[in-house]
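Next up: the structures, one after another.
First chain A sits with chain B, and in the next complex the same chain sits with chain C.
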Partner chain A sequence: MFKKILCLCLAAALACGAASLFAGCGGRKVDYDPDNFIADPNSEQIVKEKITINMFTMKASIQGQWEDMYLFQELERRTNIHVEFEEVGLEDVAQMKGLKWEDTENPADAFFLGNQPYEVAQYSQLGALRELSGYDEYTGNTEKTLLELYAPNYSHWMEEYPEIRRVTTQADGKIYVFARVALNAEGGEVATQYINKKWIENLNLADFGDTYVGESGLPETTEQFYNTLKAFKEYDANDNENTSDEVPLIASMNDASLNFLSCAFGFVGTGIEIDSRETVLDDNGNEIPNPNYNKIVWVPSTQEYREYVQYLNRLYTEGLMHDGLFTNNDTNLNSLGIQGRLGSFTSSGAYFVVGQEKDDEYVALPPLVSEHNNTQLAYEYAPRFDPTALIIPKTTPYYREIIRWMDQLYALENESLQYRGEKDVHWREVEGLEPTYDPLRDEYLNRWELIVPEGMDEIAFQATLTYQAGLGNAVFTTVDYDNSGDPYRMKMIEERKTYYPYLKRYLPQLTHTAEELEEISALEDSVNTYMKNNYGRFINGEQDPFNDDVWAEFLKNMEKFRYTDIEKKYAVAYNRAFPDAPCANELA
Partner chain B sequence: MKRQSKGDFIFQIAVYVIVALLCVMFLYPLIYILSLSLSSPEAVYYGQVTFLIKDFSLEAYKAIAGKMEIFTGLWNTAKMVVIGTVLSLIFTFGLAYALTRKDLKGRRVITALCVFTMFFSGGLIPLYVVVQGIGLYNSLWATILPMSVSVWNVIVVRTFISSSIPSDLEEAAKIDGACDFRIYISVIIPLCKPVIAIMILFYAVGYWNSYFYPLVFISPSNTDAKTLQLVLRDILLSDGSGAIGEDALQYKMRAEAVKYSSIVISTLPILIVYPFLARHLEKGMMIGSVKG
Partner chain C sequence: MTEKAKTAVAVKEGGNAGRGGSKKRKLRAWYRNWQLYLLALPALAVIAVFCYAPMYGIIIAFKDYNVIQGIGGSPWADPLYKHFVNFVTDPYFWDMLWNTLRLSLCSLLVFPLPIIFALLLNEIRVKSLRTTVQIISYAPYFISLVVAVSMCFTFLEYTQDRIGIINRIIRAFGMEPVKFMESAAWFPWIYVLSGMWQGLGWWSITYVAALTAIDPTLYEAAEIDGASRLRKIWHINIPGLLPIVSITLIMNLGNMLNVGFEKVLLMQTDLNYQSSNIISTYVYEKTLGSVIKQYSYGTAIGLFNNVINLVLLLGANFITKKLGGETII
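So, the complex of A and B:
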């Protein structure tokens, strides 16, 4: 009897739960007036009567309410659209976004920034997203797509840069997402690998031929870098009469120093990547065509990767690399930096680590080459065209308004608003400094500075103007806005340019179906766990990367995790994106 | 007094050593954070503080004084703690007492249903849909009601009542003419004082530290309703990246130092309240452990 009652109760509880779930799936009812919309793209105003739109977005912790930002207030004044933002901290975006899709009381009319490829793939396949390459349902016009009709600025950039269309087109051939567009020559961000030039001079390393440094006065090959670090360790490089306080190289498992070193061996990362080197060196140092050119590979399966971990193993076991590789954080780094004990490290700017006084001791180290790799490479953090800027759920009736609103951000004349507000109100030009040339507008741009109110930080002030402050690049950028006159910052920007000619991403941006993504991530998760576990053990010497048997075992186990299938799946997506120039992988 | 044997003596020394070590282990982080918050931002940023204060400075506290959201957060959390704890006590003791009464029909089924929720739950999205469906979203209630009853605590209280309060007392009260409600209020509750103190501590600390429900059920744009833990997290995660201009380095330093002063500010109230409840805690831990 008791069991029967229990079962009945549980069944009732489950039924109630299910019913409430389904009850939540209904659509939203809004009184939408199609005639309120102004279709003319020449009119700044988008709607006749003011409307309110709900946008979900991610924010940096420095930012306050987005509604109070000058940029959005100005846009509201021009377009007559009030945007109510729901800003979620960067760390919680993924989870909160999932919940927002369930919100039926106050659903989002658009998701602004940070829309990941798998979200776009999944929601578009479920039919939950408005197709931007589709047609206006209110007018029934089937001659022009929504983007052509209502996003003239964005369409212009798509014409100019066909890659924007390529990276936003989903596997079904349709477009659902706006891309972030960075047209400034350098586009993506990099981290700088700094080396202590003063130490090299203190030890007169240039006097020993090419043992330590090349013609540039800095190490150019991995062997020279190794020898230099060794000299830093063995001698009193920082001239304080103590030969044992120098830390030749400091890195942590996740920082860009490791990317910097892997680049020297031919790959910018340790996952899936396309081999873009046209030539390599044979055992005698002769240049030969790269047999794997344009092939998508699982890097840990390559000979280059083995050479790379062997190199790291040497650095670590010989004490040339700080032994906190697995635990280091910024405080460790800064602490050693300010004491003048660092030989080489990675950072966005040396002065953040070593302080302003010692800043000029450090210079950017250009990409290294190694025994079999003669191509200089540098890791590019962010792509120039990133298909993440905005998606519109199908349930909102305001899609035309949102597309027109979004298009404002891609107007050349509005770009500066996204960085620094209004001229002579929020920023002013600085005389007496060399202007920079802007090829897109064909004009010289003066240096500038923000007019920061008394008692306020620059970044805090910038965060009252625009969403870009604290988040990185805006959705549309054509010039570098790092134009302030601060000498430390200018040095840092100049140093970054060292890497611009060599930038490479793992792969070009590819789009996949939701199923492909699911399979890829399942395969990658398992092989990655195995690979990462061994990566650390190869470096710290727990496993010997020089031992052929150990290495063969490592390769064999990775094969069991089907890394070749991952390569194939990426190759399929690659060939779909570049039908005229497919990759070199053999697809059975 | 009997003289201690050598073995006892060594044992006692060992106990003292272990307790002293534990003491250091627990105190070190507290003192370290306090030292960090009172040291100069520069010393904090460059990792020069190891234990004691380096270059005494109140700058980190000054920076916090300008952050109104901390005080808004404190106020919201205080409201949540007080209202939540009172409600939780009412629900927990009501349910626990009812479950001890042998004349309650279906007692075992209700207990089984309660225990069931300890092991299985619908997951986040159904909970979110329910909270929103009954109109709690974006209100203080959404952060209190879903966590107002902890089945674990109900079981502790139920065990306490059934093991420490003889049912003869209830019968005596009944003979004196007390109704059920009177028995509960005038007999049971006064005898539950130790377990009430423990429940106040458990629930209050739970609400004070609660972070997930406020995060999920309060709209992110509703900054006036943010609780202290959410505000703190914002501050802790801000590392000054993206800082621009000449004061970028200073900004980064201050961002680092402010982290520690905010930890101190937010831990202080619980640290102050704790000693008054601590003596009950010891007793509470033993509740229900010995049946007899």
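So, the complex of A and C:
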């Protein structure tokens, strides 16, 4: 009897399990009422009766639920739209986003942040995205586009900065995506190469003519930098009666030090890039017009790249660069920094590495030039206009509401909300410090600080206010919000400005068709793998970059990987984007 | 049982010895054991739902999959085997295949270590000592992979201002320290030996269990015959372990190309890339790591991998069967 009851219980449990498998399969039914929408762009309220919109997004690990953030609660209060966010951690975004597109039961009404160019190209080609430059299907108005009708703020910026329109327009001439707009300086995202000024003074390097330093008192050419590092290594630069504890230069394969050095030779990276230098230097040091000006090149195939890896090889094999180049991490960097053993390193702020005490020993080293390159360059991390902010699937009936909601984020008066919440509630102005001038608003802005509740750290508090904390720039930025009263932070921001006049990205933002991107990606993956196989070995001397035969072999193999085809494909896209000023590549 | 008795039983059980009778008998056997079948049902359901149903997704290896049109709606690849051809003609195909096989072969070479360890453990007579050794050897298994790999980096470190414990030992013996993590030649060994450090104790559990199941009378008999300890290991322990050893060996062969990508990816540096670029890390780079997520291509590579694994598994099974050992099928 007991056995039977047990069996029945098990059977019941099984049945429940099976039933729960199919539970939740009920589809979401949308009864869309077009009259609920308030079309007037002057009204903050977007809908009469409250609606709920489902938005897929990515989130940083320090963030909690987005719905609880002050910014979105405030937007809900104003617009009457409740946004239900489906936040996915950065590492899972790619996978989960794919699944979300397949989810027909509970589809997303919009995808906020991180929409990659390939996704936009492919989805728009498949007709899955709402065209923002299209028309309102509910009213049948064909005089004005959706953006013109419902996104006055965004449209205004598009007028002011035609580049926004250019980077968001797809190969079919239509717009499907909102861009992330950063109008502050040059985006501000740059890493600083620090050098120990005190060591230069300790060793009196300025007394030796231009062997070590230029007129600025800092190394200005790659040779001067090399000599300075050599002096750091050979003498007791840190004045502790030990000549061998100095680490002249520390870097890791992934950090910006390598970008800093490659810039000295004429390119900001080691992939595909446009040669933007009008002049170069010949073997005698005379300025001549750059024969490759405005040409899109695969950098490892250039003579400049060879000079760059030769230089790295010298630094590494002569012990001027820390030999943990391939395995270094932040812990190593910090422990050497605190001990006062570092000559030069890269970081967003010196005090993160060496501590506040030694912060003033270090200064930003302006971009270097080299034997054949006389153009100073610095690598710009984030583009000013990044076409990734928001896309709307064609399946949602709420596209007008979403466009109006999104447009709120591009309003000047809402910008601050996206960084620091409400004045005197979440942040306050700091008295007694020099204000900064904001040319866009034509006013002086006071320095400020967050009013952080006790027991909470600053970034965690910011993460309760806005989505921007932990994710870099917000959707819309016009001023530098890294503008607090902290003197170390202020020094750091000033130092960053050293690089602003020289900033360059590999290429301007280009749009491709999905097929073009697939071809480019397949080619680039292969040749990159080959590059990766050799780059490190040139640096540590396993392969000799000074040997002409070795180099010829390297070039020959890269040719097999068809890097010239990659150059051509980019050149085609470039000429499509800039028909009036095409690149110098021959496409015949 | 005599022929007569057999017939009597048949008559008693089935009445008439026709086809219908055997069917009935089967049904009755089902009915008699219905509780057991019911108990097995959840396990079968799990296998069906989580192992067989998702296999439907394999068809994207033959399609140009995109998320908008989904598995069913995406267009078929032209030709159907396009992604397989792309993979086999990839300039790195042979390198990757060799790197993957080399890692697996190195893993196979250290396969006897847990067995030896179990045999040694079995010989420890002091119970407290044995437990202590066991606990110490199990402990690394519970360290997460990321932490374990960073421990490897620390242990094997050798830079101008930091030297890891292993290199310290090497130096103590008067030899030149090695930059292990930056060497393509050392990579497979670091991968395998660090895995062994983590898993040795854990993997030996099955063997220890098998050893305790050996009939104690065999040992008594051996003792009476005057067998030494080594003799007992050779003639009793090892034959006792053989069935389980052959099964684990077959299973390991079946996983030859399935080298997990996480650990390799974590251990990859620019200088060991030559030998750490394996099929599974390549799949990761192509499907999730790349700007363009080539799901179809990644699935095709995965399918290719699994077909080879299946062939290896069946091959190993066939050989073991021929040799008269335990097999899985």
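Assume the second predicted complex is superposed on the first by the 558 of 588 C-alpha atoms of A that agree within 3 Å, B and C clash if a C-alpha of one lies under 4 Å from a C-alpha of the other, contacts with A are read in each partner's own complex, and residues count from 1 in each chain.
Basically, a residue touches a chain if its C-beta (ideal position, glycine included) is under 8 Å from a C-beta of that chain, and two chains touch if they have at least 3 such contacts.
Just so it is clear, the model here is predicted, and its values are computed rather than measured.
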Contacts of A:332 with chain B and chain C, given as first, second, both or neither: both
Which of chain B and chain C A:356 touches, first, second, both or neither: first
First (chain B), second (chain C), both or neither touched by A:470: first
Which of chain B and chain C A:98 touches, first, second, both or neither: both
Which superposed partner A:253 touches (first chain B, second chain C, both, neither): second
Touched partner set for A:462, first chain B, second chain C, both or neither: first
First, second, both or neither for A:60, with chain B first and chain C second: first
Touching partner for A:323 - first (chain B), second (chain C), both, neither: second
Touching both chain B and chain C, residues of chain A: 10, 17, 21, 95, 98-99, 102, 332
Residues of chain A that touch chain B when the two form their complex: 2, 5-6, 9-10, 13, 17, 20-21, 23-24, 60-62, 64-65, 67, 84-92, 95-96, 98-99, 102-105, 330-332, 334-335, 337-338, 351-352, 355-356, 449-450, 452, 457-459, 462, 469-472, 482, 484, 486, 488-489
Residues of chain B defined as touching chain A within the complex: 45-48, 106, 108-109, 112-113, 116, 122, 124-126, 128-130, 132-133, 137, 215-216, 219-221, 223, 233-235, 237-249, 251-252, 256
Chain A residues within the chain C interface of the complex: 3, 7, 10-11, 14, 17-18, 21, 94-95, 97-99, 101-102, 116, 118, 122-123, 126, 128, 247, 253, 319, 322-324, 326-328, 332, 336, 341, 517-518, 521, 525-526, 529-530, 532-533, 535-537, 540, 542, 560-561
Chain C to chain A touching residues, read off their complex: 35, 38-39, 41-42, 45, 49, 66-71, 90-92, 153, 157, 159-162, 181-182, 269-271, 273-274, 277, 285-286, 288, 290-295
